[in-house]
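Consider the two complexes below, in which chain A is the common component and chain B and chain C are the respective partners.
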Partner chain A sequence: MIGPFRRTRRPKPPELYSPRSKPGGDRRPVLNCAPTRTDGTFRRAIETGRSRLLITGAVMSFAFVAVGLRLVDLAAFASPTATSAPMHAETAYRMHTDRATITDRNGVIVATSLTTTSLAARPDRMLDPVDAARKLAQVFPELDPAELTAKLTSGSPFVYIHRKVTPKMEQAVMELGIPGLEFERDETRVYPHGPLMAHVLGFTDVDGRGLAGIEQGMESVLKGSDDPLRLSIDVRFQHAAHQELKKAIDTYSAIGGAALVTDVRTGEILAMVSMPDFDPNHPADSPAVNRFNRATFGTYELGSTFKIFNTAMALDSGVTTLADGYDASEPIRISRFTINDYHAKNRFLTVPEIFIYSSNIGSAKMALDVGPPAQKAFMERLGMLQPIALEIPETGRPQYPDVWAPIYTMTISYGHGLSVTPLHLAEGVGAMLNGGMLMPATLLARDNVPTGRRVVSEQVSYDMRRLMRLNAVYGSGKAAQVNGLMVGGKTGTAEKPGGSKGYNRRSLISSFVAAFPMTDPRYVVYVVLDEPQGTKETYGYATGGWVAAPAAGAIVERIAGIAGIAPIEENAPEIQHAFAIDLPEETKKLASLRQ
Partner chain B sequence: MRALVIAVWIVMVMMTGYALFHISFQVEALEGQLAELNQQIRQEQEVIHNLRAEWAYSSRPDWIETMGAEFLPDMHGVEPSQVLRIEDIPFRRDDPAVPETAALPAPSQPKAAEAAPANPSAKAVKGMATPVTLVRTQQ
Partner chain C sequence: MAIARNDTSVLGRWWWTVDRWTLVAVTVLAVLGLLMTLSASPSVAERIGVDPLHFVRKQAVLLLPALVAMLGVSLMDPRSVRRLALMMLGGSILLLIGTLFIGAEIKGATRWVSIAGFTVQPSEFAKPAFAVVAGWLFAARRLGEPIPGYALACALYALVVGLLLLQPDVGQATVVTAIFGVQFFLAGLPMVLVILMVMGSVSALVGAYFVFPHVQSRIDRFLDPTAGDTYQIDKAREAFMNGGLFGRGPGEGIVKMSIPDSHADFVFAVAGEEFGLIACLLIVALFAFIVMRGFARVLQDNDLFAVIAATGLLVQFGLQSLINMASTLSLIPTKGMTLPFLSYGGSSLLALGIGMGMLLALTRRRLGVLS
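Presenting the complex of A and B:
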């Protein structure tokens, strides 16, 4: 394009002679330009015309180039529809919810967010709020027209009319054709299992903020991720514990109760039930008292189950052995208190006998031998004096005496004077059985098992397995026996504070802690009943061995089947030998003993 | 010669232009398709999400238990004696004279024997009610 201009800009000088004229011929001058007088003016005009043409051409071609470039740009590089990143295949779409899903250890969904529609109104854009309220109340029969009118005429610029509108209702509202109504997409938290895991999960408010349980304790994790949060709970275990605990509470008219299943090797909580419970889908439908978590928040004097810790402490400190014993023939009188035995034998008892008869006198003497400071240090090491650092906010702070006087040493030996949560006890019993390591309890699935903290020696842990097994065979835990599972256990029956003598003989905390298989313990099952009442079948007794042990046994049987625990030949000579503890003949013959 | 060169250039420019626009439109069409597919995937994922919640709801243990009691009255929970460790199962013997069942360990045998005659209605669910459940244990 530039060439022709160049050529015209520098025209050849006009030829004076025709090139066709032959040399030596007629040399007439060729007049092919203006006369010399006007030549300058003419040339100037042409030059002006050319430069104008040039400028116009340049502007035009610049414009065309710009348009062309833009066309190429639009066509090849930036399609106007390709505005967002998800258009491209490499960003595979992942569904996003405001709160992550919660699953159990096997991936079963226990809490998730579903998209729902809410109906909201902007009253200032409404033509006739009163009429609108009347019409809306026809679509939503549960709304009170007067209340709705008040809402719409309150002067507030934005009000919610109904949350969780079904598509059918949405259509009906659309058909009303009321201006100023808006549908909003939002999320609703759904708990498919209903009340099953109420106290584990907690619940959220309408705006999706966690108000209890994991929902509150793990708020930031749930908000910050799309990956499901995997709990340590196994829904099947939870169901077994839930059902058996409910059965026991109904049978013995207890005011409440708790059940826990923990893994002694990892510290994971596989089931955690507190009763009475609530439906986290509709938390407001149950009385507020139902939200009280008896398994991890309520602290109780848990009674004789503490003799597990007391015996382990005495054996671990070396002040006594399984072959030693204490004189339990006389009640202990200290200041104004008397320590009695429930199943008084009034004789010298060996350490295993103290354990299976649940002798308070023997336990108190054992604890005194260890001494108050060592006992306090042991309880501290076992985590019995601090709240458990769990993933839910409902963790109870243990109550213990400020001054650890000898009288408290004696009462704490059999589980009075120190209030802990049922979870403290289950965690502690796990440590007694797994070889002596305290595994911090958790509600989240644990892939990497921490090493834990040593609380008793491996030998003591082995002795405790034998003692708990012995108690389940000869002692108070017979009702929790399941053939082939080598269940071991210990009962606990504590009187609740209150009444004339400081304790109320009628209101009991009856519990049973079981563990199995005792050859290599896997699970601890703990059942606590709050104020159970005896029935005709239990001869009026409401002690741990009568009311809690059968429930614990039922849970053990059910979860063993689920977990696939292979049965053990209990009468095999090597098992008999490994668990043999010498007992006086009288003890072996004892028919029934349940406390 | 010059005219030919110019002609070639023009043809090439036209071809390139055509190719450019053709590809561009193709890409645009594909992108539209992609957006549609992504939209579909989004919807499907939402449906799957809802169905998962639905599944969790329909497979909750108490409901399965209720249904089981109604439709499978002869089934019951696994008893400890029904569980074997995988190591406890002996290898199959090659001797054809030995019946295969003889290879099963003794404890399960009486169980199977007494279950069969005592519960004739179990025949209805014969295929499902295996007397010995083999579960790989975690020991």
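Presenting the complex of A and C:
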């Protein structure tokens, strides 16, 4: 059956395949056909086919098993969160912006950059600029169609249509399908706290350049880094200061004001508010005058608060002691001026009495004892004659007389004739209380505290704590008292320059500087009101003790809780003893001394 | 169904000779497919803005013709199967040429032609037809019939694959290549040539990597998931993890909302999320059962044409399901391939019905051809 038959003999498939060709149940002939196909070729072919079929089957079943195992592996053993989630978090964290974020001392974001889109047009590539303007005006109702048409037909090859386009608007513009429109990716500076830190942070222009505050002063640092810039400000302190200052300005109809909270140990500024203020997100919406920084740029004759420095200077120079005193019975007449006391006692006053009665006569005499050159040197050492090197460009240069004549020595002793910024005063008071070291003020968080510069001895610093505490208990600072916090303070009420006699009696700079706890001073709180008006509750008075001291006290009370400073028993014998200063009986009875 | 053992009517003989187990398994798959379309397609339909049950309705309408076609074809004898395949192949090749000129471009490839209001994907019909025709050519040549079987088979293969690559449709070309390779292998291709052919396939894959950019990007992303967008694969993986052992419940899946082709290529992931591991293992087992049972049937067959043709059909069916499931499970790079009967797709369903019908017809117990 091999050989010649192989090619010629063709099997007859119809008979084999189709039982239909065989009628009835007679299948024998079909079965008999089978042996005709058992020739060698067929047998070899079918055997090869079968063995190779087994191989194919084995490979396929292996593949099915692999799929099954993978299924079990994925569905039963993999955890849904482990694989993808961290990858997304990481990419989000590494986001790069052109300008670094600014945070407060606790890491709260106070300024950051968000990616936005700007819509621009290339009118020469547009099919119909007039139609495009009409359609675009429907998406941006704030755009004037006529103006837009003029812009697009002006012949300029590139015009901005809208800055800061939201994703929704962007989609709407895309759907218009206008050729010649372009979206540009850029960044918008966002200040989540709005006006809260306006004068600290400043603001940027549309191209992201700092135009004021930290944004301008720290421009190169913000541009050069992805790491957030950490400020010394604590938003919680800032909020307390902002709210209380606003309340005081509204109550006393002041034209403005400033509030500062500083750390006496490190020089860090924890809160800095100037009013009126603005929203750095939209700086142009407020009058330009609101951008004026009263806390660090405006210089003022700050009045009686300067008696803190004057008294410390006199004690430190050794010309007097707490037990000594001066005759304040007669006003001082010098050339065409007369120096009077606001609450004249017309008698001999001890140094503590001069401080708590805020005697101009006594202070002037103390200063004369020290002498003009020593006073100027002291002021110089205290930084009162130089602008403060702060991280913002808005720092005011103090104004002082070219010739430091005795008359100026006398007026400067009670805070006239030398104009400084409120920050100068807060910085100086801190140095009086922290053991006598001047700590340079800063708006950046300080991890390494510098040594500072000695301005008075530790003993004088201790005496000043006692005097300021005394003043808050018996003198003009009663309104700033917070029970248990050992608050000390000093008022200041200065007449602003102007008016017929060189000064205007109705235009006051009323301030109060508080510090606490006097047992171990931590914070200086300074509140200044510009031209406050007295109310019925203050009996028409607009002096520091009436208008600024309550605000300072309110700030002290709020920040003490935040800072975790626990109240103590102020009447405890050891504290009474440590702060005891002998005063004449009359002083202790004086109840309503609030200058 | 009471059919007497000695019933010699067409239906009676069919009932006692057809592989009823495979028939049942395929029917179960087809019904599961309708269920999966019900589950996976409404979210897709909503995305493209048609009636939520749009795909379900189309699939249901085509399911009956597909099952009828399967039963009808399974009634045929091998010679009629061969004739049907020959006609189908001729038609498909004409339509494949047609796609190049009148085809509708969808997602970067022209794979569909419109005939009398129906959109048809000719490549789906080409696969089973090619398997049967090539099987016949190989068997005839092997058994010494006076036709240049190998040469014709090779030419046919080159024509079909060439047309598929022009669309381009690398996935279908791969399947056709696998069918052709396995059939040639069974037909007694010398081992040297087998090795050469394997090497040829590997170099063809490497070639595809360099010639087709989309193939390249998919393989790159498979080898290095960080290299690009692995969105669909990540989502599919997430679906299986969400599903766990028992699934979130029918219709409770969330990943289907975010996979573009959840009703087609990624239907297995939807099954994984909604019905869980056990159901998925059952599906895999169903596919494996059909393929393995087919092989077992073929192994006992004495007709070389039936052996080679049926193996080709089984390879097509098995490979398609394997590639789909493996790429959904990220075992291999993503390859757009439908999961037989489970994925949505009218052409695919109808062609599968005809293909399975051919398989059933070829694996029927016939007198004189059992060893």
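The rule is short, and it goes like this: the second predicted complex is superposed on the first by the 502 of 595 C-alpha atoms of A that agree within 3 Å, B and C clash if a C-alpha of one lies under 4 Å from a C-alpha of the other, contacts with A are read in each partner's own complex, and residues count from 1 in each chain.
Here, a contact is a pair of C-beta atoms (placed from the backbone, for glycine too) under 8 Å apart; a residue touches a chain by one contact, two chains touch by 3 or more.
Owing to the predicted nature of the structure, the values given are computational and were not obtained by experimental measurement.
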Partner chain in contact with A:Q243 - chain B first, chain C second, else both or neither: first
Chain B versus chain C as contact partner of A:R70, first or second or both or neither: second
First (chain B), second (chain C), both or neither touched by A:T41: second
First, second, both or neither for A:H193, with chain B first and chain C second: first
Which superposed partner A:R558 touches (first chain B, second chain C, both, neither): first
First (chain B), second (chain C), both or neither touched by A:N483: first
Which superposed partner A:G49 touches (first chain B, second chain C, both, neither): second
Common interface residues of chain A - those touching chain B in one complex and chain C in the other: 72, 75-76, 79
Parts of chain C lying in touch with chain A, wherever the complex brings them together: 6, 8, 10, 13, 77-79, 142-146, 182, 185-188, 234, 237-238, 240-245, 272, 276-277, 280-281, 284-285, 287-288, 291-292, 295, 298-299, 302-304, 307-308, 311, 315, 318-319, 322, 325-326, 329, 331, 366-369
Residues on chain B engaged by chain A in the complex (per definition of touch): 20-21, 23-25, 27-28, 31-32, 34-35, 38, 41-42, 45-46, 49-50, 52-57, 59-62, 65, 77-85, 88, 107, 135-139
Chain A residues within the chain C interface of the complex: 6-7, 10-11, 13-14, 16-20, 24-25, 27, 30-31, 33-34, 37, 41-42, 44-46, 48-50, 52-54, 56-57, 60-61, 63-64, 66-68, 70-72, 74-76, 78-80, 83-84
List of chain A residues in touch with chain B within their complex: 72, 75-76, 79, 81-82, 86-89, 93-95, 97, 108-110, 112, 114-115, 190, 192-194, 196, 235-236, 239, 243, 482-485, 520, 557-558, 560-567, 569
